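In what comes next, subunit A is part of two complexes: it sits with subunit B in the first one and with subunit C in the second one.
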Partner chain A sequence: MNISRLVSRKGFIISTLLVFFFLVLGLLGSNGVISRLYIANGTDLMYFIGIGLAMAIIMSYTGYVSFGHAVFVGIGSFSAAYILAVFNKPRIMEYMAQHDRISNAMLSTYFIESLLLASIIALLVAVGVGYAVLRLRGAFFAIATIGLDYVVMYLVIYITSMISPFGGDELPNPNMGLTDMTFYWMHFILFIATIYTAYLVKVSKFGYGLASIREDEDAAEVIGVDTFRYKVYAFALAAVLASFWGIASAFRKSYTTHDFSLLISIVMIVENVVGGLGTFIGPIIGAVIYYILNWLLITTAGQLALVILGAFVVVIVAFFPEGIVGLLRRKIPSLREWLE
Partner chain B sequence: MIELTLTGDAFLRGIVIGLIYGSVLGAVASGLTIIWGVMKVVNLAHGHILVFAAMMSAFLYLTYKGAVWFTPPIAFIWMGILGLAFGAFFYYVTLHPIIGHVDTMTLKYEMSSLMATFGFGIALYGIHYFLPNIIPSYSTEPSIGFSIGGQGHTYISFLGVTIEKSKLLMAALSLVLVIVAHGIMNWTSMGLKIRAVAQDARALSLVGINPVRIKLLTTIVATAFAMSSGVLYLGYANSVTPLSETIVAPLCFVIVVLGGLGSVIGTYMGGLLLGVIYQLVLELTAQTQQFAFVVAFAVLIIALVFKPNGVFGNIEEKLSRLRR
Partner chain C sequence: MGEPILIVENVTKRFGGLTALSQVSFNVNKGERFGIIGPNGAGKTTLFNVINGVYRPDTGRVVFKGTDITNWPPHRRARFGMARTHQVVKPFSELTVLENAMIGALFGPRHKDITEEEAREIALETLDFLGLKEKAGLPAGLLNVQEKKRLELARALSSQPEILLLDEVLAGLVPSEIETMVELLKKINEEKGVTIVMIEHVMHAIMNLAERMIVLDFGRKIAEGSPEEVANNPEVIAAYLGNPELALKFVKKG
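And then the complex of A and B:
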């Protein structure tokens, strides 16, 4: 594809603006200009946009709702915990006895190791399971992926209970003396990787193939799209991206099994539905809306938060099935090229 | 690692308890098979509705301690009646904007109804954590002895296996529920209309029947079955929390797929099969519930890949052929 055409598209400009925004936020934070609260908010926001975009590749672009996508977030966080708390714990403990923070070289080694391990496991699971369940369509796929989430979660809990000295289902990471700025930059690297991957997939030939599968799978097959292979690729890519965000959250929260929770799948799905299916900007806007709404609801409504969130999903699905971005595209045609 | 305890005793216990558990599971999934299998609405709120009914009956039973009105056989009927109203509410709030018109379900409607019921389920799940703010005595973790007449548990011995009488009662009630569901779907004109609306809603409207009303009726019936089977689940498991949904709902989907969509008897057979597998794994491997759960889902994925029409897919055709 022509590079200059790719760069001049509005989606690329928006993603670059977002990356630039988070870069400025991070620079301000590391110079102590803005408080740590903004840094924490920025980290959370990157995480939510990241998991939304990872899910978008299979759900929004391809039209297959994977209810168990949290399993790949869980795989990522489990691999990070495995690298830190099982493989390298003695080394980290030894180093931490002399210094108050592990060296950048060690940190980046472990980070890259976790990325590699998580990608390999996520790829194996996604391709293996994808070969079986991607033959199913619509609701059957959704239900099979719910099952996948439980199976892998219980298997991982089973494995962890054998290697963890606590005998429980959680692997705590050792204390590495990292600050929230380190976590912020870690999230930032993954954010760049995710947002440009999602954008490139959307505008490439592969992305058009996925769009044709979403609109009409039989017609796509007739015009020569290798639908099954495309679906497996999309599922694998979405899995690997989701596992990256599991790593980020494992480094930050230092616990693992929470990331298998169905609640994370719910967040991913809600973001995509609210933003609008079939668009690149949709999951981003959905993530921002979800994040703000979640903050507001938890602080003002307390226990009613889940009820309101559920009602919000019902309203969006019933009355604005094309999501917020789709609604804006329909109402304001001049915004169309910005909201691709 | 996994150690097998292959004794005849464990085997027998697995099969007997498995059959009872499977009978309850089959009844629990029958509401889902009506709404999903026949009307093609993937009701992800099924488990939440069921657990909602179970929580309500547990709460009422504990509040009016020992009152006959909330013991299983009667709570079963209460919840069924309440389910009729709740089903209408569920339909108008969630499904009517999506499927409330004369049209046969397509994949697009199927996916949006799936998302809408998903949202309804989250809301219903959230209500359990909100209710203690209004009703101080409402607990999200009631632990009860939900038995006949509120007299505590009595046991019965059968083939050397000791079973709680209340569990046997639940199995009997679940059989009643399944027969009622099968009867409604196959022996009444309403069941005929429900099956017709799934096949061709437009043709149905041409012969003077309002398909939207049939969709409403189906949702009401399915919800009533879901709510009364919530009491069965409570009676079997003896305790319930909002998180029970994460165990019941996936098992329901497994059973409906195993049984073949839209067949109540097939679903019941699927329930029996899954219950036996589940309990046998529990008894023979001495592992946790979670391990049995993994096996159940392995069964689902194998069934989905190799027999997408369900193991007991056309059992009703075979039955009617036998009758002739």
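And then the complex of A and C:
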């Protein structure tokens, strides 16, 4: 695709504005202009947009709901945990004995190693599983992916029970002396990677192929789209991106098992549904709404937060099945260009 | 008479105990307008599904441009120059009319080297040709039936196929629309040189359009030849006797 056309499109402009927003927020944070609370919220928000966009590639763009997608977030977490708490434990212990934080060189090495390990595992699992279950359609695919989540989760728990990364006091200081700002910038790097990848997929020939599969898979195949291969590619890409966010979460939180939770899959799905399927902007808006609502409700309604959030999702699905972006696109056609 | 571009040889297709197609053979020549007719349930759409790869035949083979494509998946056939429309239209509803046509161009025979710009050009040209250019920016789901039929055709045509399989493109259209569509199909065949194979129930249209045709009944080919020959074939008339009016029409038109 032609570069000038690519960058003049609204989706690209919105992506870049978002990246710029998080850049400014981060710079303000590192200079101490804004409090740690904003940085923590910014980090969370990037995480929620990130996992929403990862899911979007298979769900929103291609039309396949991966109910077990948290498995890939979990794979990312565990890759990071193994890189830190198993493969590099002695070196970290040794270094931390003399310093209050690991060096930047060590940090970037472990980060990159985690990305590589997670990508490889996520890719292998996604392609393997994709070949088996992407022949299924609709609900059958969704159910198969739930099964996948449980299989991999218990497999990992089984392996972990023997090696136990992050299980107890594996590292002298699980944070390795890193600050909120370090985690923020880590998320920022992944955010840039995720948002532009999702955008490029959406507007590329690959994206057209995925859209045709979502709209009518039989017609797509008849028109010349290699539907099966495209679905496997989309699933694998969605898996790798999700695993990246598992890494970010593991570095930041120093615990990993909850990343396999079905709840994470559901958050990813809800963001896509609330925002609106089929668009690039939909999952981003869905993630922002989900995040703000979740935050407001948890701080005001406590235990009831999830009940209210659940009810909100029911209302959206029942009355606006096309999601918020879909609704806006239908009601205000002049906004279509912006809500691509 | 030209070279055969499509050869269907002894094709049999069974679904459980039902034999949908039984030993069907015929050739379609390059540049020809070829018709497939027959009463409801005769196996016409099944035959299309075998030709374009949605179904694999139990026996027999399909040869396209001299290559045996019997075991190819549909997308590979599309890339080899075969396009098809569906009896029940299958637009990509959420995408615009232009995007629908562009997808046809992007994934067709030129899928390897075509740029998005070229695909857009071809799509616009095709939409213009089929009178859909003003609708280019609309979501395909908003089109009316007749426009959706033309979009189905536009998407297939944008891939710049060598052969076009048309499954009842005239069904559901009012007489004036049928006339327009028949003219369009003639233009596609004559100006663009696309070989056309069509299933049709609108008898006067296909009798006028097709140069040769076959007649299917209960999965068997019962006749082959020019429209006149077919219409005067006693077996064909018998097959349609369930609908005497139609049988009468046949004889008259022939």
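Structure notes:
Methods note: the second predicted complex is superposed on the first by the 329 of 340 C-alpha atoms of A that agree within 3 Å, B and C clash if a C-alpha of one lies under 4 Å from a C-alpha of the other, contacts with A are read in each partner's own complex, and residues count from 1 in each chain.
FYI, a contact is a pair of C-beta atoms (placed from the backbone, for glycine too) under 8 Å apart; a residue touches a chain by one contact, two chains touch by 3 or more.
The structure displayed is predicted, hence computed values, not measured ones.
In the superposition on chain A, contact of A:Leu37 is made with neither subunit B nor subunit C.
When the two structures are aligned on the shared chain, A:Glu215 is found in touch with subunit C, with no touch to subunit B. Once chain A of one complex is fitted onto chain A of the other, the partner contacts of A:Leu136 are limited to subunit B, with no touch recorded for subunit C.
Look at A:Phe312: by the touch rule set out above, it reaches subunit B but stays clear of subunit C.
Look at A:Pro321: by the touch rule set out above, it reaches subunit B but stays clear of subunit C.
Set side by side, subunit B and subunit C differ in how many residues of subunit A they touch, and the one touching more is B. Contact with subunit C, but none with subunit B, is seen for A:Gly278 once the two complexes are overlaid on the shared chain. Residue overlap on subunit A between its contacts with subunit B in one complex and with subunit C in the other: absent.
The part of subunit A that touches subunit C in the complex is made up of residues 1-2, 205, 208-209, 211-212, 214-216, 218-227, 278.
Those residues of subunit B that touch subunit A in the shared complex are 36, 42, 93-94, 97-98, 107, 110-112, 114-116, 118-127, 129-130, 132-133, 246, 250, 253-254, 257, 290-291, 293-294, 297-298, 300-301, 304-305, 308. Chain contact summary for the complex, subunit C toward subunit A: residues 52, 54, 73-76, 78-79, 83-84, 86, 90-95, 99, 102-104, 106-109, 111, 115-117, 155-156, 159.
Contact residues of subunit A toward subunit B in the complex are 63, 65, 129, 132-133, 135-140, 142-144, 146-148, 150-151, 154-155, 157-158, 262, 266, 269, 273, 302-314, 316-319, 321.
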